[in-house]
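When the chains are written out, they are named A, B, C and D in that same order, and each has its own residue count from 1.
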Amino acid sequence: MSGNTFGKLFCVTTFGESHGPALGCIVDGCPPGLEISEADIQLELDRRKPGTSRYTTQRREADQVKILSGVFEGKTTGTPIGLLIENTDQRSKDYANIAEQVRPAHADYTYWQKYGLRDYRGGGRSSARETAMRVAAGAIAKQWLRQQYGIEVRGYLSQLGPIRVEKLDWDQVGQNPFFCPDADKVPEMEDYMQALIKEGNSIGARISVHASGVPAGLGEPIFDRLDADLAHALMSINAVKGVEIGAGFASVEQKGTEHRDEITPEGFLSNNAGGVLGGISSGQDIIAHIALKPTSSLRIPGRSIDVHGNPIEVVTKGRHDPCVGIRATPIAEAMMALVLVDHALRQRAQNGDVQPGVVTVKG
Amino acid sequence: MSGNTFGKLFCVTTFGESHGPALGCIVDGCPPGLEISEADIQLELDRRKPGTSRYTTQRREADQVKILSGVFEGKTTGTPIGLLIENTDQRSKDYANIAEQVRPAHADYTYWQKYGLRDYRGGGRSSARETAMRVAAGAIAKQWLRQQYGIEVRGYLSQLGPIRVEKLDWDQVGQNPFFCPDADKVPEMEDYMQALIKEGNSIGARISVHASGVPAGLGEPIFDRLDADLAHALMSINAVKGVEIGAGFASVEQKGTEHRDEITPEGFLSNNAGGVLGGISSGQDIIAHIALKPTSSLRIPGRSIDVHGNPIEVVTKGRHDPCVGIRATPIAEAMMALVLVDHALRQRAQNGDVQPGVVTVKG
Amino acid sequence: MSGNTFGKLFCVTTFGESHGPALGCIVDGCPPGLEISEADIQLELDRRKPGTSRYTTQRREADQVKILSGVFEGKTTGTPIGLLIENTDQRSKDYANIAEQVRPAHADYTYWQKYGLRDYRGGGRSSARETAMRVAAGAIAKQWLRQQYGIEVRGYLSQLGPIRVEKLDWDQVGQNPFFCPDADKVPEMEDYMQALIKEGNSIGARISVHASGVPAGLGEPIFDRLDADLAHALMSINAVKGVEIGAGFASVEQKGTEHRDEITPEGFLSNNAGGVLGGISSGQDIIAHIALKPTSSLRIPGRSIDVHGNPIEVVTKGRHDPCVGIRATPIAEAMMALVLVDHALRQRAQNGDVQPGVVTVKG
Amino acid sequence: MSGNTFGKLFCVTTFGESHGPALGCIVDGCPPGLEISEADIQLELDRRKPGTSRYTTQRREADQVKILSGVFEGKTTGTPIGLLIENTDQRSKDYANIAEQVRPAHADYTYWQKYGLRDYRGGGRSSARETAMRVAAGAIAKQWLRQQYGIEVRGYLSQLGPIRVEKLDWDQVGQNPFFCPDADKVPEMEDYMQALIKEGNSIGARISVHASGVPAGLGEPIFDRLDADLAHALMSINAVKGVEIGAGFASVEQKGTEHRDEITPEGFLSNNAGGVLGGISSGQDIIAHIALKPTSSLRIPGRSIDVHGNPIEVVTKGRHDPCVGIRATPIAEAMMALVLVDHALRQRAQNGDVQPGVVTVKG
């Protein structure tokens, strides 16, 4: 199967370039009978939408989604769901000057090497604009997980450059443009971003995502473990350079007595595992963290080459996010939701209403 | 497709439990005409084999591989390659006492929750013993990558608990039981492991893997990016809790000017990208790092429950690795090699002998 | 992977219902650099379009296709190609009366049993209207096969009810509304259809498809043989009840001496194999035949039940094809083209520019 | 995914050549808790085994199967099931003389063209010997279908060359070496085969397979329809040249009033559909028919070429089946069973315990 489909049973296939007429996706395999509307999907899209604060790109896209199939009388029918978002603010003239440039740390060079040609308008297919369809498809996944299992998938910005959040207050996440769960850090982040924009530079970020209410048993050893599929899903997001499950890289310095999550009849005593043991969900919260690199489009000149191999200086003048991490929280949530629904269906396929052989401990 | 197959075109499907009669795999899609012998595969298996030093499990397995099909007169025929390793040192009586135990931080609980029953002998399918077949299949992948493109995939232990390596001398990696590339750190590691074994505890580790000679163009945006598939592959290894590509989590605190790898006609000036831009290889070395958690089988008692839900104390008396990371280097190499060969075939499928539109810069 | 995607490397995923706002598809994995335009695709769509003669449904659909992505400056970019056709002549009020009916020999009963609900407007997803997207995707496949290998995929009506064609004159196929290659049979077919329409009945048909210029070597034993994938592709077309390769069911009564296609240095002496030996193309023409059942929507009443289980009489008053086979030729061509391009890419992936070990005989 | 895996969720991957050391397969995705033993599988293998009558090849293979994994204490565990059959009667010297021959109507020519080399011993991978593993895997599928749903998959020889069976008495099928359900035809078949063997020729056959007890709802429109997947499965069997579902090619001459299976509250009044409507099972018996070509290995000389392109005369002296159809019944049953179990799991994945929206009619 080609690279633009995600999932084995709940399959999302997307298309669309930054400056083409439209973005779209097909969600195939969605269980029938799920109540879903354009408004439900729009809610999630609006969380990712560009231009909502001064800290993100000023491109104005309504990101208005249309459902073209698969939903009848307000419910999914089990047949493929076609979704479409028309691009409205393309301004492709902005990009004419980069047609011959190979921007450093962008996908310009590699797309050209791979395909022998490329759509240079705004990054074409490599633009983070494609993530809109992930969020749209993820909205359907979230709806199903919530209705079927009471699963909630929620993320937050856990680090913005040097600024680490210290408190996790879920209620705060929607109250600021950073998805920051620690109200005390918001002013610091605002100041940091203002200075950064002035400087013409960009910065990395760390996003954390939790899923609560996930039943034990999801994940398909040995290759399609739940954590392996999460790693695949999250690393496929633009700009992501690292993925951790639970304790992640901190495990390297942990001793076994520290890392192992002991169990009592009342439940697990810790969650270094991040909710996954042997590649299968344990009933604890699924916890993942991702690292996003700083945007590569900068007003500060950088060395590169043009398509003829000549050295050039690259300066970005278009509209760009100084920190791609700021808008990444809904995308990371969407990808985790897609993995969970896919594995929920896979589990139901093979194991049906299996009667677990042991008592279930509290997550 | 079920969870025991890896790869889209170069497909590896494995079977086998820790204490069953045999482990095996089928490698399907291997290009024909590749010279390969049981001895070639055995070389890699011997690097992973247990019992080769005092720092790993004392289980004695010859791990002798047999080629059952797909190779004729010393060359692959293009048809599926069947590989088999018989288990010889099973001692399943060692495990009788754990039949009713749910060991903390093991897959006991989750396998039972998922399937409703489990093979409790030595972890059954969840045992790291299955990784032998990954290494066997990876040996074929490595051979093809070397012969076809001159690609070399090599790994090393970059951190053992608190001990970080400071020098990368590839020649040292094979000279010590840790796959440590820094000779100065080996005595320290030996002391650390001796103390750890005495204590009955275990420790985490970090492994790094490099692939050199990889042509630009491998990776299938947007979901099957090369880095996303590497994350999938590496996170699917037992005990892995984190994956980084290039600068990884360090990207969080990097500014754009620092992270972006500038390009000159002579080549890239740095490699924070880890050889992947926009999900496609750039021609630079592919670099990945993984975090492995400490083994969960300890001589130090831990709290858990039995299959009836009663609280118990778990103490492991069997043969186990105090640091699973020590034997993980060949496994990580194998998984990277499997990803690369799969993507080399996918690239050849879609893009054939494409003439890149830009001059190729030095990796 | 869910059921609305066809192909392993050249992947077509479709969506859309008979009476929804639009039909669409995503073609993923298309090689880059292929020249393709909306007009190229429209040519094929117009061959399948309803309402072009008095012998097909009188529904008026322009079937105007739009390319939404994946093509830049007239060439494919290697990224997913989004195609869209808006429905214009839905008249869903026509179907209100069948909301509670279970029409015999339609998919009403089975969709309801499968999904628990259904879109009853014009058959919803089960309508043959979805085949428009197969033809659109097939147009791209045909273009690539032609430009890359000189392959031509062509079909014709070989039998209309009791009327069997006796001559195969490719030039005649486009000269009549039946895709009939035998000009002498056209008047007979016209008379037959007139009588049938008057009667309010329908009739079956047989379609034959040939691909010429196919190189030897396509097909992936043992399960994804070229003939097996053709059978899958062709049987997936609405109303198809049988598939033959080469001599097909006539093989049952053939002796080995009759069936085997002898070989001389000048080429094969016959083509009972239909161009496939051991599941792999031989270089001869690929030849397949399909049987299509008569349409189930009749003006003659039939017994059935309603959704409450009560016996009812079903009479169809909507616009329908009295012989679905008449418009099936372009669809069958499209499906064969999709199989061939998929296998051409799979062959290139595994075997690259393999040097055949034997002299190539003429097809 | 490469070509040696069948199924999306219940996945069978096979390996092995006619004259290699062993044949094997991995069954991945089997639901846990299924009681299965080597003896259960052996029962089916013995039905296909060569050398059981004078009408089949005289090669003597015990076809003794071993279960290497995935079954613990008599039950499947949900992890991959490894199966192995060692070859014992290879006699590869018999085949030395054909190393340079390209046998007509065999896969010699196409394997060589595809892979650039081939294992010429007994047809290598293209030998029908690989079907043993289909039967072994199918035995597990049958067991699950029977225990889970009461589904029975049964086949019979419906035509041997010119001899058509006229009665379908299931009790007769196991009473003769032809799987013939019509006792009156058996002497005629014996005489026909004796004459054929004397002549040194071969003959085609037609096999029919029925599945009873199949619930409504199996099949994934629009591409993975149940009938399309059956066509794929059955056409992938060696020597098959045609597949029909229900009325098959007879549909071509049927009118709609004749073909449509009317429905009453008591059930369907006929079964021209073969149990599939719109690609989904209706609850009626699933009925398929296949055409098998005559064996191509004949004692009567035929024209061909050698690997240097020189004209030669080919005469087969090895042990061969004069009618491959005779042993094909268990293979066809196995393939249908594999399709049904795969679709039962797919249905359970997407639709769970869906409450059908209409009353269920009797199959």
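FYI, contacts are C-beta pairs under 8 Å (C-beta built on N, C-alpha and C of every residue); 3 or more make two chains touch, one makes a residue touch a chain.
All of these numbers come straight from a predicted model, not from anything done at the bench.
Participant: If you average the Cα atoms per chain, which one ends up farthest from chain C?
Facilitator: Checked the centroid distances; the maximum from chain C is B.
Participant: Taking each chain's centre as its mean C-alpha position, how far apart are chain A and chain C in Å?
Facilitator: Those two chain centres are 38 Å apart.
Participant: Taking the mean of the CA coordinates per chain, how far is chain B from chain C in Å?
Facilitator: One centre to the other, that is 45 Å.
Participant: Using mean C-alpha positions as chain centres, tell me how far chain A is from chain B in Å, no decimals.
Facilitator: Their C-alpha centroids are separated by 26 Å.
Participant: At least two partner chains per residue is the criterion; list those residues in chain B.
Facilitator: 1-5, 8-9, 14, 29, 32-33, 78-79, 114-118, 125, 221, 346, 350-351, 354
Participant: Graph of touching chains, which shape: line, ring, star, complete, other?
Facilitator: Drawn as a graph, the chains make a fully connected set, so complete.
Participant: Name, in rising order, each residue of chain B that touches chain C in their complex.
Facilitator: Against chain C, chain B makes touches at 1, 8-9, 29-33, 78-79, 221, 345-346, 348-352, 354.
Participant: So in the complex, which bits of chain C are touching chain D?
Facilitator: Residues 1-6, 8, 14, 102, 104-107, 109-118, 125-126, 130, 159, 161-162, 196, 201-206, 216-225, 227-236, 240-265, 269, 272-274, 276-283, 291-298, 300, 302-305, 307-311, 346-347, 350-351, 354-361.
Participant: Residues of chain C touching chain A in their complex?
Facilitator: Residues 1-5, 8-11, 13-17, 20-24, 26, 28-29, 32-33, 66, 68-70, 72, 75, 77-82, 84, 114-119, 124-125 of chain C touch chain A in their complex.
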